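Have a look at the structure below before the remarks.
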Amino acid sequence: MPEPFEPKIVAFFCNWCTYLAADLAGTSRIKYCPNAEVVRVMCSGRVDVQFVLKAFAKGADGVLIGGCHPGDCHYQEGNYKALRRYRLLRRLIRQMGIEDERLRLEWISAAEGDRVRAVINDMVETLKRLGPLQKSEEERAHLLEVA
Amino acid sequence: MSERETVRIGVYVCHCGTNIAATVDVKSLAEYAGLLPNVVLSRDYKYMCSDPGQDLIRQDIRDRQLNRIVVASCSPHLHEHTFRTALKVGGLNPFYFHMVNIREQASWVHENRAQATRKAKNLVSAAVQRVAFHQPLERGRVAIQPDVLIVGGGIAGIHAALTLANAGKHVFLVEREATIGGHMARFDKTFPTLDCAACILTPKMSAVRAHPNITLWTYSEVTKVDGYVGNYKVTVLRQPRYVDEDLCSGCLECIEACVYKQAKVPDDFNLGLSKRRPIYIPFPQAVPQVPVVDPETCIQFKSGKCKTTCIAACGDRHAINLRMEPKEERIEVGTVILATGFQTFDAHRVPYYGYGKYPNVYTALEVERLVNASGPTAGEVVLRDGRRPEAVGIVHCVGSRDENTHRWCSRVCCMYSLKLAHLIKEHTGAEIFNFYIDMRTPGKGFEEFYQKLLTERVHFIRGRVAEVTDWALDPTEEGKLVIRVEDTLAGFVRRIPVDMVVLATGLEPRTDAPEVRRLFNISCASEGFFLERHPKLAPVNTFTDGIFLAGCCQGPKDIPDTVAQAGAAAAEALALIDAGYLETEPNTAHVEEEKCCGCKTCISMCPYHAVAFVDEIHKSRVNEVLCKGCGTCVAACPSGAIRQNLFEDDEIFAEIEGVFSNA
Amino acid sequence: MQRELRFQREADPEWARQVSERPGCEGLYSCLQCGACSGTCPLSIYMDFTPRRIVALVREGFRQDALRSRTIWLCASCYSCAVHCPRQIHITDLMYSLKREAMQTHLYPARLPIPVLAQEFHKMVGRRGRSSEFWLVLRMALRTNPLVLLGMARAGWDLIRTGRLSLRRERIRDIRSLYPATPRETA
Amino acid sequence: MMSGVYGYFPGCSLKGTGVAYEESLLALFRALHLGLAELEDWNCCGATSYMSIDERDAFSLSARNLTMTQKAGHRDLIAPCSACYLALRKTQDYLDRYPKIAGGNGSLTSIRAVRVRHPLEVLYTDVGVERIRKTVARHWHGGRVACYYGCQTVRPYSEVDRDHDPVRMDELLGAAEIPTVDYSLKTKCCGGSLTGTTHDVGVRLVYILLKEAARKGAEAIVTVCPLCQYNLDAYQSEIRRSSGERLDMPVLYFTQVLGWALGAEIESLGLARAISGRKRIAQWFQPAEKEAYV
């Protein structure tokens, strides 16, 4: 029988809150879906529009951005910049025919190990519902261009 | 990376004992890595962070001419520094390195071995692709300003301050209350040795006052913190106490002279168990020995029609100045120690124990004052109506180990309950009943103390008290407080009439901990206590360099542990100061001028004003000293002119691609 | 003399696990054995095991002891334990779950009127959609110990006197819609 | 929701032993110009016994009532009996949290849209202490009363009041100038159906509740639940005979005392249905002529 669809998520976690939350999830042995691979950035504000598009172009079914809660950013307001960019990105990918649920921004503080589990599991569920991101080669190429 | 040099990557997979190896197939992971582009060598090893592990890397760099290293082990927050140092020793630039977290992000969080291994492979391939693009980088250095700010004048702050001052460093000790001493100043005796708290605390307090290297600011709060490790710019707001500390001789005649002949204001140092005058000194051994005027209750402030006999009494010292204004002090320090302490759980939150409803239900802290020789009753343990209690119930775990209030064990309640049991019995000869869930006495001399109490024939009843009530079911219960509890060891429910109930309230984070946390840009753990960098490896550090923790602001602990931690925090600060400088991470941003179109988008991005616009060349430039390396400007630059060391676009692109190796 | 020794083979941990997976019983294993439930329970003083001990018995898998106990039937479901429990265990719901199992396996104590009342109530409402207090008490008494009727006579008369006891047998019109026809969980 | 009418779920007791509760509730709501519409063809809530036999059957009962409420177009359903109130709310909670009870094909649908309310909470939040104070039409010339909340109205699934130390009934009565005593047993269980099954135990609980109220100087007990009222009211003579204690304590519904204070027609308050303390009730609730026009 064919293997059930396992969505692939690229997760950009900020170094000071969400990445630490993932560490906490680890030390607390919290179990969650293995579908997300984390790329560490210093601040969610570093997450470039191109990174997200590149991830989709390369075959990600979803992209997750994790930053500090509003007001808690290690760099004061990088997460607000991320939020702005995220809003724009959602519109952009919608125009490119990508369901905007495939892109998600979450505030997860260093104390919220269990939220990492909740968010990733929930996102995997959503993506399973949506199914794989169907993109022809041209479309992917186009994504890359934009990126 | 320069074109000539060929990339030669070494990949090292750590077993971390069985922490990783049990869930991730390290052998096949290493084999897989060995086949990746540019990888000339790939190994797996039991403990990469151990000396032999690091030696492997050094030797291979030498013998196999490796010029890039990837280690797949734990979180970079734990050992990135360790391995970079190993590279350095091995003669390689420490930034030709990338770390893969296959423990916290694979073996510990996934159960399916195949899936965990596949994920680990993707992460390793991402790192291998990324590291190829790494550039040699140099760490910058920031000089460390030798002065230290300590926030909080409890036993933790006091001890840290004295340690640093004795080492010849200048300390600014900022305390919110009118005196230092914190909670400990309220205690009578300390467990398990029963030595008097004042006898060990007050000498330290006066030492603080007297020390030439300590600037003590009581009645003050930190309101603003700028800068970074090595040179923090701090603003302190000093509330007016209306008595000039430099002019006051501490004769306290002004207090006697106050027009209030007897005290009317509830005394908060005694938790309202006694009264004070509008001009007062918190307690006899207060430091500084300088009275405070409380504008809320002082007649002169309210009506302006007071005879101000206090000022008269002060005479030509003119120490009392009712027109004193709040004052702002601006200081520069290199390091900060937070010792802001805790607050006790508010017993009103558990109504079924009757606190605030029945006058003879007390909190443990109130009873500390009652048994205290210098307390409101001069050490007489009497009820509010003056009676001596004949039976006393001490209820453990009030606001601790309870999902409805606080989940954690407050660690000190069992021991201070034992102490209070002993003291109350000593003072009154009353029957004492301890109601506990589990008796927790893990500490030097603690279990012995418990044993002592058992032989003193104090009652120990294992059961969480269900309620404290005035409902009498039996003549012997009339006029008493009845404690209803299941004696879980005897196996039945008991009703025990007592005259006095003591609630062993737990320790919780201060209400303003979140604001303090933001002020100093550190994190809180889920319970709300400040988060240490690592519970075992960096227990007094925070994730913000140069900011350290001491005492209960980091979690409940007793006096010995608090003092030990305060010493540790002082030592960490000293280590920084005496090194004279701190190496900074090189992940700062810089502008490629030829690409910059001068659109100024980046300027608004930077909260540190590190990006400035240079009019002459009509382009932006990054001040790398001010830059904290978040990379927000990089992501925002429309022409891709700004780059961030260690987080270059092509490095991250490579990492993203690597993730899709579809192992 | 009653042997008070338990061999481990008498314990059924698997059953304990099953109980812990029933709705409302999730907290089973987080119990601290602090006794707050028993302390606040108005009926624990009449029980053969205090609620805390029931939790201990269930958790350790002593199925018979738990299901045969009078405790589970004395629980008047006032939920005091549930709001006092420092682990937020729904002890009342655990008791319900044990009552149901005791019912199905006929382990409930013989001649204890409480389970009988429950059965009669279930029958009556199942048939008519409503309960009629008078007939309910009557049936229960007849099935357990008719003498209790004498004890109740006075209260009964008071009720009739004040027009609070109707002898009418209530019934709803649309009785079919009472239990929507769904097969019990098979999976 | 001041506009429109509240759905009303009497439950079996309010048609039987608790009929005085229904009478006074309707009278009180009339006095406050609040509409009550009895749910068509409602069925028994299952009370506590049902749960002991079959969980799913128990939830089916309340699910049916909720569904019919929605069909009838009511947003709020008032359930005056504690057992009914809890059964309905617990059903909503469980069917939400445990799909497996609802049954795979969702045959039991939890109607979250319906807000299950207790009259005490409706009076407190929708009407409010202030409006009660303003609407007071009769001066209380009765004695001090003990507010008895009982168990299920203030327990886990409830929104009536704080579970450990409820105060809303005291506040409402206070607004109507009815003096109350501090009653430590205000949330202790009355024994429920135990008076019928394990009689001695049930009556003992009742005895404790009555005795403590008297000890605190209360001359009457005010309840929010038909079963509490029945237990406390019906067994006083028995207690008198067995213990010899002179108990003749009126046990009233809060709807009766508030109804009186807010000027509802006295004869419609079901006061004559009390078993104990009838003399006292007769004295307390006679309209003084001059006040009749206040």
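Letters A, B, C and D mark the chains in the order given here, with residues in each chain numbered from 1 onward.
We adopt the following convention: a contact is a pair of C-beta atoms (placed from the backbone, for glycine too) under 8 Å apart; a residue touches a chain by one contact, two chains touch by 3 or more.
This is a predicted model, so every value here is computed, not measured.
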Top chain pair, ranked by how many C-beta pairs fall in contact: C-D
Rounded Å distance between chain B and chain D, as computed from the means of their C-alpha atoms: 50
Chain centre separation in whole Å, for chain C relative to chain A (CA means): 50
Centre-of-Cα separation between chain D and chain C, whole angstrom: 23
Distance between the centres, which are taken as Cα means, of chain B and chain A, whole angstrom: 31
Chain C: positions in contact with at least two other chains: none
Multi-chain contact residues (two or more partners), chain A: none
Where chain D touches two or more other chains at once, by residue number: 164
All chain pairs that touch each other: A-B, B-C, B-D, C-D
List of chain B residues in touch with chain D within their complex: 350-352, 469-473
Contact set on chain B toward chain A in their complex: 75-77, 101, 103-106, 108-112, 115-116, 118-119, 122-123, 126, 518, 521, 523-526, 531, 543-544, 587, 605, 607-608, 628-632, 634-636, 644, 647, 649, 652-653, 655-657, 659-660
Residues of chain D touching chain B in the complex: 162, 164-165, 184-185, 208, 212, 215
Sites on chain D touched by chain C in the complex: 12-13, 15-20, 41-44, 46-57, 60-61, 63-64, 86, 94, 97-98, 100-101, 103-105, 107-108, 151-152, 155-156, 163-164, 187-189, 191-194, 196-199, 201, 205, 234-235, 237-238, 272-275
Sites on chain A touched by chain B in the complex: 8, 10, 16-17, 19-20, 22-23, 25-27, 29-32, 34, 37-43, 45-51, 54-55, 58-60, 71-72, 74-78, 81, 85, 109-112, 117
